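Here it is: the structure, laid out below.
Chain lettering (A, B, C and D) follows the sequence in which the chains are written, and residue indices restart at 1 in each chain.
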Amino acid sequence: MGAFDTLFQWAFLVPLFPLVGFVIVGFFGDRMKKAEYGGWVAVVLSGLAMFVGILIAIGEALSPGTYTDASYTWLNLPGTQSVFSNGFSLVMGTLVDPISALMLVVVNVVGFLVMLYSIAYMHHDQGLPRYYAELSLFLVAMNGLVLSDNLLEFFLFWELVGVCSYFLIGFYYEKPSAASAAKEAFLVTRVGDVLFLLGIFLYFATYATSGGGAGWAASGFKFTNGNTPFLGSLVGSASSPTLTIAGLMMLAGAAGKSAQFPLDVWLPDAMEGPTTVSALIHAATMVAAGVYLLVVVSLFLGFTADDRLAIVAVGGFTTIWAASMALVNTDIKRVVAYSTISQLGYMVLAVGAGFAMVGLYHLFTHAFFKALLFLAAGSVIHAVGTQDLLKMGGLRKSMRVTWIAFFVGAMSLSGIPPFAGFWSKDDVLASVYSQVGAHPLYWPFLLCAFATVFLTAYYIFRAWFLAFDGDGSRDASLPHAHEAPWAMRLPLIVLSGLALVAGLFAFVPSFANLLPGAGVPPTYGTTDLMLSATSVGLGFGGLGLAYLMWGNGRVFTLPADSPLQPFRTVLLRRYYVKDAYDWFGLKAVYGLSRAADFVDQYVIDGTVRGIERAFSQLSDAGRRLQTGVVSDYAAYVVSGLVGLLVFLLWIAPWLVRSVGGG
Amino acid sequence: MSLEELAFLVLAAIAVGTALAALLVRELVHTILWISVFFVALSGIYFLLQADFLGILQLGVYAGAVTILLLFGVMVTRKRIFSREAATGIGPFPLALALVSIVILSGVAAGLPTQPRTVHAYSPAALSEQLFTTDGGWLVLLGLTMLSALAGAIYLVREGRE
Amino acid sequence: MSGLVLAQFLGLSAALLGIGLFGILTRRNFILLLIAIEVAINAAVLNFVYFAGFASGPGGVSGQAAAVVVVGLAATEVAVGLAIVLALNRQRGSINVAEASTLRQ
Amino acid sequence: MVPILSILLLTLLGGTVLTFASGKQARWVALGTSIVFLFETFYLLDAYTAWPGRAGLYAVPQYSFSESYAWISLPWLHINYTVGVDGISLILILLTAFLQIATVVYCWTETNRPAAWFGLVLLTCLGSIGVFIALDILLFFLFWEATLIPMFFMIGYWGGPKRRYAALKFFVYTHVASIVMLVALLAVAFYAHAASFDFADIFVATHSPGFPIVTQALLFLALFFGFGVKFPIVPFHTWLPDAHVEAPTGGSVLLAGLLLKLGGYGLIRWAVEVLPQGLAHTSWIVYAVAFASIVWGSVLSLSQRDLKRMVAYSSINHMGIVLLAIAVYSSLGLLAAVLLMFAHGVVSGLLFMASGSVHHSFGTRDIASLHGITPKAPVLATMIMVGSLASLGLPALISFPAEFAALLATWDRLGYWVVVPLLILVVTAGFYLWMMQRVLFGPPQNVPEKAHDLDVYETAGMAILVALIILYGVLPGFLVNVIVNSPVYGFP
């Protein structure tokens, strides 16, 4: 029993407040006098949720421990054939532990700030009640996910989070591209989701039948039993092909939600949603859910060595994969979106290397500086009405706060000390480096991660220079920019502060309890200093290159005959992966469907109609027999008589003989 | 060959011959003449079988009433009594069908036992008792049928019907 | 009384029935048709009478009773048939059954 | 003991007769009957939990509220009026009650011979209830056939342009299947030497050791065909899209919501429970058919242009999952099958109502020519969205617990084969999302002037179903407890 259990048992309030907001705004928002009132309701309620969330985090920081609430039995299923012979329950409960407390802070702080920012940013949009209702629902789901005490509950909220993302990406549903992006996001993550579900089955079945997990099914597959992981010593030590596949399925689920290669195509397109949504959902929180899943699984269910290698591979490759596409993009939001994918790759990499807490640490800092970057980008877009970097320029004069905020975010993203990103990214690199001895294949992915540091600094400062440097906007048609109203500036300032200091939390004694084992690189030996120096050097290198090419209003244009042109095209076309997916969806699957439809109509139903036609022709033939002439009918009668006679006299006796004799 | 058998064979030959003749001759009136002979021959066979009542019935109903009725029908429907349109349009299929059935039935008959058997005679009294007690239902049904046939026939031939 | 041979009787019946069928199938004149039907019916009546004679006991009487009933029915049939002939004749001026195909409609 | 089941039947029977006779006021009579019936169903559910003979295992199935009266009693033939329910029947009765009331409300403004229309609606429900409670072969068959006739007239009189063809196709298909089913059921009774046509007697007879396996397998296949056409199973499914496209909206709702369930219920009660050995020895055929239905229904939905046709094909997919859950032959699978039938009844009812309203309001159901209906009809768009999301298995909506249980049961029995239905879930999501993208979203195009949102009756009818979708999605325990607590015999 921890000291703050009384506090922790109110954890359910965190999702409950936004739920109230959802109900109020969703059902009564349209009847309010002004659309903003609904927004304020949502803001206040999310503020309350943030307050409770922070209290819980403080409680956990002061007295770390695991608190599980009494669960509500959601589904009571009968036993099955082989695995769960005694039946099992699916339960809904809350689990408060250090990592969920940390996530509560991330989700609710960013959530509250984004809500506040939206009041100003979304001012001119139609359908505001819908917006705030959906955002509130998202917070419900995300908090529910964070507080889940078993994998199935986790999955439930996971899906809810996904559908909220679908709604919000498609917020401007009259825009065909938004509608299409929403669908794409849902579908691609859905692929991960179904595999995730399969992974759940596999974990359930594997552990419920093995020795230590006998009581697990009866408990409703809870993560923890009191203060310890339910599966105890099994985690990380058990190994079987089924477990490996289960782990891979978890990776697939996480890859879908966290936009890891090859399920990454949806995230850049998801920028069709409002920028606030991109900041909250597609940068800070929801996409981090995939990483959070991997963390939870590695803590409570365990990955095998093969799984970890796969996770490292996916994460490591994704870092450079996404960063390379960001190099050439000119859409400010998309550049930031690619950086999100890339940074998520770092987190996945760390989890794969066996340092779940380090991954979580990067998640924590990333949430703030990435939300900051998005909100700053939103502020820019709000001011100039375009997302095209090549049209912007010279904004530093008119938008001081945004300029600085974006700078803080970019520095943090590039891993320059003392900004938050430095500490966590350095931690990631160091922890992966400490594991390179485990498998030779770790090396290439570590190199990817290092190379990405350089690329990251380059592309984010490219964006920064393009947007803010120079004498003025390169497109004369753009409106004259003004700094954003206070409701937008305040979140920017708060987040800038967090992006500066969040990395240090891991070194504050009590707060470090929320991230046990992170924040302190494995050793402070020479190697680690070398690594830090290398990554910082790479970061500055990228910054410098960006300045040379794009600083002071310069616009670097690749010569048309440059041998690099094909690479640029490939990057702009996103390695043709999206084209391949489109081809697969529209040509392969849809084509298959059309072919199947043809078969259905002309072969299957054609057979049926053929039978029908045969019968109607038979009856036509029958109709011609009905001449109406008495003699003909008599002939039929007599034919019947003859037939009967033949049957009775010869066929029937023959039948009787052959049956009786045989 | 006994006398009865001989008588039977003669009568049977007459019956078959007259039946065929009735259906094959061209004059309708001749047909009716032949068929009346057929009825008489059959009644002879009934007498031979010691079914006296039926023999008389056959003479009265068929050779008498039915023949007259048929003749009457021919006279009403033909302007010239000696009409010549009896046999027309013999298709090969009906002919074959009729022949096949004759062959089959005769074949069966040929396979039956050939030793002579005695026949029983029944008194008309026994017959009427049977008809009015055990088989009374049939008689009632026959009566009803006749009544409805009467009504139907009258309906069919009544004046002014188109 | 030396008796009679069953096979011969049934042969006669078969022959008469066949002739009757032949008439029914081939004649187009309605009156001939009626006559052919009479021939066929008489073949059946003949059978009743034979078997009544060859049987013994109450079943035999029953056979003759059936014959009586059938004769009655046949007479009725002729009456109705002739009524049809008259009606047909008045309606169409012909008693050729091949022309009377209104049964079809 | 109150003969509650007979009262249930008599309520509907009386209501049907009154409705037919009541001319323009028919809708009120129908509504009253539906409400009374709903409350009777609630009473039944309530009483069921307190039924004394419910828990525990018996050698012979025991059914709650059972009544039995001799109907025809000859030395060699016993036909009884025997009725009784267990959890499975109860859930489906509840579904009938809800769908009936929703349909009556939705069709409130029907002006084309309303008395006949509402009478037929009630008659369909009457037949379905009868099927769900009958425990005698001939009684069962009587009710089974009684559902065909009103549906035939609904499609044939109130239907679309090709209604005669569709009605006839529906009738011939299902009727042929019914005949096969009847013959097979009678054959089961005769070959097993059952003492009567009562379910209990047949159950005892088919579970006696002397009943040859080959006979069981063959009879099971015949029953599978007989019930399967109603599911419908691939390749005997082509009547369903045609029937749905031509059927009036209310008819579609009842067809998808109730009539398909008769197949599932019949298969569970009269084929699997009666001939478990038959299933065990032919299970690979059933699996193959189930997988084929799942894949075929989902893949074909993708290329359909008519909204109703799309929903019809998705029904084939969902009923394929039901079939799979039945075929795995476990208590979990059974639970999943029944839950999924309930879920599909409600969800497809909602989707067909929505399709009907789209047609009514926008003059077409062609997905390719509908664009951006949301601004003009936001409520309707919401209904379509809720229905689609529920149908693609979103958690907290009604289908999710059912599909989860079905997949888990499948995994339990078939292992990695479960990947097939799992991946098909993606396709299912795909066609619903694509449909929504084209129909609901994007800039409005070709929107007719007179296009309008739902009227109050349509909204009310759909709201009933939406409420069920959310209520039982969030709290599936209501349904699950009823099913789990019913003694289902022979299911391991």
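Keep this in mind: a residue touches a chain if its C-beta (ideal position, glycine included) is under 8 Å from a C-beta of that chain, and two chains touch if they have at least 3 such contacts.
Bear in mind the structure is a predicted one, so any value in this text is a computation, not a measurement.
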| item | value |
| --- | --- |
| Nearest-to-centre chain - CA centroid comparison | D |
| Interchain centroid distance [CA atoms averaged], chain B/chain C, Å | 6 |
| Intercentroid distance (Cα basis), chain D paired with chain B, Å | 66 |
| Gap in Å, rounded to a whole number, between the CA centres of chain B and chain A | 99 |
| Gap in Å, rounded to a whole number, between the CA centres of chain D and chain C | 61 |
| Residues of chain B touching at least two other chains | 94, 97-98, 101, 105, 108 |
| Touching two or more other chains - residues of chain D | none |
| Multi-partner residues of chain A (at least 2 other chains) | 631, 635, 638 |
| Inter-chain touch pairs (all) | A-B, A-C, A-D, B-C |
| Touching residues on chain A, where the partner in the complex is chain C | 626-631, 633-635, 638 |
| Touch list for chain C against partner chain A, complex | 21, 24-28, 33, 97-98, 100-105 |
| Residue numbers on chain B that touch chain C, as the complex places them | 2, 4-5, 8-9, 12, 15-16, 19-20, 22-23, 28, 31-32, 35, 38-39, 42, 45-46, 48-51, 53-54, 57-58, 61-62, 65-66, 69-70, 72-74, 76-77, 85-91, 94-95, 97-99, 101-102, 105-106, 108-122, 126-127, 129-131, 134-135, 138-139, 142, 145-146, 149-150, 152-154, 156-157, 161-162 |
| Touching residues on chain A, where the partner in the complex is chain B | 631, 635, 638-639, 641-642, 645-646, 649 |
| Parts of chain D lying in touch with chain A, wherever the complex brings them together | 169, 234-235, 237-238, 296, 299-304, 328, 330-333, 335, 372, 374-375, 389, 394-396, 400-401, 404-405, 407-409, 411-413, 418-419, 422-423, 425-427, 429-430, 433-434, 436-437, 440-444, 476-477, 480-481, 484, 492 |
